[in-house]
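Here come two complexes built around chain A, the first alongside chain B, the second alongside chain C.
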Partner chain A sequence: MRETFVVMRRELVSYFVSPIAYVFGALMLGVLLYYSTEVTLVQGARASLDGFFQWLPFLLLFFVPALTMRLWAEERKLGTLELLMTFPVTIRQLVLGKFAAAVVYLALLLVLTLGLPITLGAYGKLDWPPVLGSYLASLLFASSFVAVGMFWSSLTRDQIIAMLAAMVSLFVLYQLGNPQNVEYANEWMPAWLVDVVSSISPHRYFVSIARGVLDSSHLVYFLCFCGFFLHANALVLQARRQRG
Partner chain B sequence: MIEVDRLEKSYGLARALKGISFTVQKGEVLGFLGPNGAGKSTTMKILTGYLLPTDGRASVAGHDVVAESLQVRRRIGYLPESTPLYGEMRVDDYLRFCADIRGVPRGKRTAAIARAVELCGLSRVTGKNIVELSKGFKQRVGLAQAIVHEPDVLILDEPTSGLDPNQIVEVRKLIEKLGSEHTVILSTHYLQEVEKSCTRVIIVNQGKIVADGTQASLLAQSPQGALLLTVRGPEASVLKQFHELLPAGTPVVVTARSGSSLDLRVEVPAGSVPIDEALARLVVKNGWDLLGLARERASLEDVFRRLTLASEPEAAHA
Partner chain C sequence: MLHTNLNLRSSSSAQRGAALAVVVHVVLLLAVLGQTVYLASRHRVRVDLTSEQLWSSSESTRTLLEKLDQRLVVEAYFSPQEKLPVTFRESRKWAESFLDELVQLGKGKVVLQRFDPNADDSVKKRAERVGVKPLQLTNSSTTSLSVDVHWQGLRLVYGGGKQKVLSQFLPSSSFVAEAMLTPAVKELVTVQRRKFGYMEWPVTAVGQQTPGGIGWNVLRSHEGISKRYEFQNLKDEDGALLPDDVDTLFLFRPKDLTDRQKYVLDQFVVRGGTLVAFVDAAEYAIGPQRTFSKIPLQLDATGSKQPFLGQLLHYGIEWKPKLVADMAQRAMSPRDPLQAPYEYFAAPQLDQFGRQRMVPIAYPYFFHPLPVDWKTSASELAKDASGKVDETAAASFRERFVAGMPSDEFLFQSFKNAGRGPGFYWPTWVGLREKAGGKPDLPPDVEGRVHLWSSPAALVEDPPQMVNPFGGARDAIQRNTEYAKFATKLRERMGNEPRLQVPLMVEVKGKFSSVFAGQDRPKRPSEIKEEEAKKAEAAVVDDPNTPEDESKQDGPPAPAKDDKKGKAADKPAVQEPPMRTTGDRPGRIVVVGDADFLRDDIVRGDLAQGGGPVSGSMAAPFFAQMLDWLAEDRDLVALQSRSATDRTLRFVADTGATAADARATEKALRDKTSMLRWSNVLLPTGLLTVLGFVVLIVRRAQKRSFLASLR
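== the complex of A and B ==
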């Protein structure tokens, strides 16, 4: 636990001492707020965050891979991974520490977008509990993307490849849960198969929880999803110790 | 302190270590010598727990490097080849991170960092970002990182490679200082480094140990150094007389002539009785002048070259 925390803290510090955290954060917040305020404030007259949560998954698709691509690839390229792996910490602690740092960073970005609902609440009647539920869901959703991106980063020392692979796989996952695709697939595939395949996609759960419906099964899903990729990540690192 | 028993490591089909065994006692400073690709780094990576061996065992302070990897890693300070550091961090932040992750208790942390900074001469740069430092200072940060938790064993992979001569001298001094408190294994290409700072030398070549001992014992294995003489006398008869005195087949080479004096190099065969006195007497008896007599010192370099080049043809067939 302590080791995980130390790894996480160093990782977070390295986000904020370099321009990455600021440039990345400003860019993501700018794009997100621009599009979502347009949808919520200009087009719609209702006080709701639908536009915001509609745009978020799509943005995360591009931004999370850019954030996670360096997590292992850079350490491997610089050789710092070798030193890191000779510290008295387990691979699991390293993986969790890095994962936690990225999640904390994204949580911070989400907190910074709270200005939007606060503004809405000031001018109209905003139903807060579902909004906060949606925020929590967004964080879970973003975490699942981090787990996928980190996994790809552990497989290569080339950051661009890590980013592209993460984007493609997240895009595929996104499409698997896209309601339109599900509807289309239902026409020519057995319903149970469609159900199984689409239930892999984090997007399927995001759609429902973004409306403020947070089920414990969703929580279990995200835990399993992240757990799967983080475990795979640890196995990759372990295999490299074996192979050299 | 360190026991290595028939350690083997293969990278795919390439066998990097072919059964290496050695032990290191507490307080020893062991120099690991060998050409590139001999298996020095691989051995170190296994001892530090970064790589797993294919076969064989190794232990540090009684803990197996595979089964009790965390125990071993707590007792080791490691400086990998090429000194990887987080450039964007400040020196003091980085050392604090290293102390924390190695479990230096909070109460002792400040003192531990201060000690490492002091030992490595980093006090002027603690507030700087690592990326701004010169190569020599980066190397010192790498060393400070390795000693901040006061490990029993220090493992340094080519700690002076890529430094300029002044920096090399500084880092070497530092290693000597550290050697008085820690058990050290260091790998290097520089033979002077071993001659200066190591109490023991292991030479590896192609995944095997080809020599293990103190410098003196390794030098004793090598042929005696050649004798260098400067004689004033007629060349033909000098050479004739020399050949008569020396065992048959001993090479005598005239390396230089100036006026009537000759510089001669006599290769003394290994294990023969000392002959410098006899040669001196011969020169005087013939009425020539003996202007100089010196013995070429056998160096570790000779031993190294002889041991690592001898097996080269074998490699060509492998």
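== the complex of A and C ==
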């Protein structure tokens, strides 16, 4: 645990001593807040962050792969991965540490958006518990994307390929939960299969939590989803270390 | 060499083995995780985070299901979900979710039976026979056009006998599913309908072929109401006392009241009845032309000695038959300003493309009470033209002003949540009887309270002859000129008259004494006729010139002048109980200062095309909840109070100020919205950018000093 924390802290420091965290963060927050305030801060509208949380998953689709592409690919390219492997930490601790750092960074970005609900609360009766639930859902959703992005980053040394692969796979995952696609799939796939396939998409669970219902099964889903990709990530690194 | 080959072969097979092991590992892991998620979905814990518990069933549903003493069978006529279009699939999800919850809460008393009418022709016929309606949806592609038939209706059967059909059950959330289903269950479990009496004095129909005028029947006969409550017309021309089994009587716009009718009402409240009156100080013609001109309305019938206003005053209610206007902009803003039908008043205007369209306009005679504590606006309202607060006036306002909906009664809960009361049209002042100084002056053993108030920007006046903001002008320019005059006049009055809040709904309860105590009991018309007949008979007998037997006279017999009179004279006098002068049981009187908002044409939306008013979406729930409130039926209270809380964003505070300068308000709003928006966008991004620059500069400095140290 301590080792994981050390890796996480090292990784976080690396974010904040380089311009990445600031450029990436400012860009993401700028785009997200610019478009979401257009629909949320309207006189006479309902005090709600629905518009914000509708935009967020879509933006994460582009920004998370950009954040995670360098996590392993850069280490491999710079040749620091081998050095990392010599540290007295296990591969799992390395993977978890990097994952936690990325999630903490995204959580910090989400914290910076709290001004919007505070503004809404000041001018209308904002229902805070579902808003906090939506923030939790966003963090879980972002975590699942980070896990996928990290997995792709571990497979290649080219950051662009890692980013594109992550983006495509996340886009597919995102679309699997899209009701229109589900309807289309229903026309040529058995219903049970459509249900299984659509239940893979994190978007479906995100929507459910964001509307204000916290379901234990959704939390289990996110844990399993992240766990699977992080485990696969560790397996890839393990295989690479074994190959030398 | 051979050794090398063997090594290579064993190495590649080891790699293949390792790869296979990884694949098996991943597949097994996926299976385990998939199973975990599946099991978690079967044994889950669900927490509804919303403050109003919008995604959970309410106490109303639970209470009702606990009351079930017989089996409730829910027949769900649902075609397969996977065939439904995506827009309806969400609805199916909510329907299924709520039905499952209903079965669980029913603890064996609720049985769910599913049928697919598309799969079986006999089921389809049965669904049609019981009243379930299919959804016929057109499905078109580049090569074909078809109509798909889907089913999603319910039939509820209680105890094998009573049934209720929801022909299409298409909820948009679990909350809506409950709002549809729970009242239906309530209807089924209602054993005996509560009886209400009513008397109504129809509104003069203008430009319409409505025989007998416009009444208040639409709401009374609304399915959801008539299944639970029975209404009996008790307006008896002969003024019979009300039957004992009626404990609540509604008066819809009373007028031309005779002393006998007033006596009937008096005896009703003295014996402990509940009297609910929807009153108007004036009647204005609406009709297609919307002339808004006054139609004569007289409260007391000619010859009546006991004024109705005095009678109400005796019970502790002061009705000032004045017309009330509320100049607070928020009070006269319709619920949905952009959508027809128009709740208040919309007029045709030309848009920038020269097309005529209806635009809602501010008309202070149509407004609603607001659940605002007006004390908090005292300082704002006490500002003079220069913006300086008059502290004396502010202190006086703080003392006098009250909340717009001060009552905690469950009737008002959903309206408080919605942020507004029902809309009133040309309402009148109905408050408590007061002493000098404004303190209530109620009769002994009577308590009372005002439930609804206007904002402090109310204007009171004797009903004018015409309240048309356009003064009858036909073309747009004239209309604008007339409207400007109308608005200026009201604004001037606002500036000159003191700020006051007007009571709009009042309730008194307690043991009432009779207003007729010490007087002769007003007689029924039949009694008067009987007496007149007797007198006439006596006069004939006493007249010495009258021949003993007219039939013996020559010539044809004189025609009977009034045959009915003769019959009345033959009829034995109806024995009426003696007048009750004091009450032995507590009675209750509720007076609402408007009757228009419940009248048929306004509720039904007959005037929607002409630009309103249409009151249905607020008046119907008010009336329905009022019946529950009067009947003290709290079964559906939790359901009613679940209506969404008003979470409207208001960047520019409503202080009860007038709509004097709409442009200034709009500019202030625009500026504030823009400021809030940009501060929300720029603050976090700017913070990150500044931090980034600081880090960059520090890093550069560190680098420079490091390089300098190397030199």
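Points to keep in mind about this one:
Note that in this section the second predicted complex is superposed on the first by the 239 of 244 C-alpha atoms of A that agree within 3 Å, B and C clash if a C-alpha of one lies under 4 Å from a C-alpha of the other, contacts with A are read in each partner's own complex, and residues count from 1 in each chain.
FYI, a residue touches a chain if its C-beta (ideal position, glycine included) is under 8 Å from a C-beta of that chain, and two chains touch if they have at least 3 such contacts.
It should be emphasised that the depicted structure is a prediction, and the values quoted were computed from it without experimental measurement.
When the two complexes are overlaid on chain A, chain B and chain C sit side by side with no clash.
More residues of chain A are in touch with C than with the other of chain B and chain C.
In the superposition on chain A, A:L126 contacts chain C only, with no contact to chain B. In the superposition on chain A, A:G25 contacts chain C only, with no contact to chain B.
Touch criterion not met for A:V172: it reaches neither chain B nor chain C. When both complexes are overlaid on chain A, the residue A:I160 reaches neither chain B nor chain C.
In the superposed pair of complexes, A:V17 makes contact with chain B and with chain C alike. With the two structures brought together on chain A, the opening angle seen from the C-alpha centre of chain A toward chain B and chain C is 170°, to the nearest 10. Of the two partner chains placed by the overlay, only chain B lies in contact with A:V6; chain C stays clear of it.
By the touch criterion defined above, A:T37 lies against chain C but remains apart from chain B after alignment on the C-alpha atoms of chain A.
Shared-chain residue A:L193: touches no atom of chain B or chain C.
Overlay on chain A (Cα): least separation between chain B and chain C is 5 Å. Residue overlap on chain A between the chain B contacts of one complex and the chain C contacts of the other covers 17, 242.
Against chain A, the residues of chain C that register as touching in their complex are 18, 22, 25-26, 29-30, 33, 36-37, 40-41, 44-52, 54-55, 80-83, 85-86, 89-90, 645-652, 669, 673, 676-677, 679-681, 683-685, 687-689, 691-692, 695-696, 699. Those residues of chain A that touch chain B in the shared complex are 2-3, 6-7, 9-10, 13-14, 17-18, 78-83, 85-90, 241-244. Looking at the complex, you find that chain B touches chain A at residues 9, 11-12, 16, 42, 45, 48-52, 70, 73-74, 76, 78, 80-82, 84-90, 93, 97-98, 100-103, 129, 145. The touching residues of chain A, when paired with chain C in their complex, are 16-17, 19, 21-23, 25-26, 29-30, 33-34, 37-38, 41-48, 112-113, 115-116, 119-120, 123-127, 129-130, 132-133, 179-180, 182-183, 186, 191, 194, 199, 211-217, 220-221, 224, 227-228, 231-232, 235, 239, 242.
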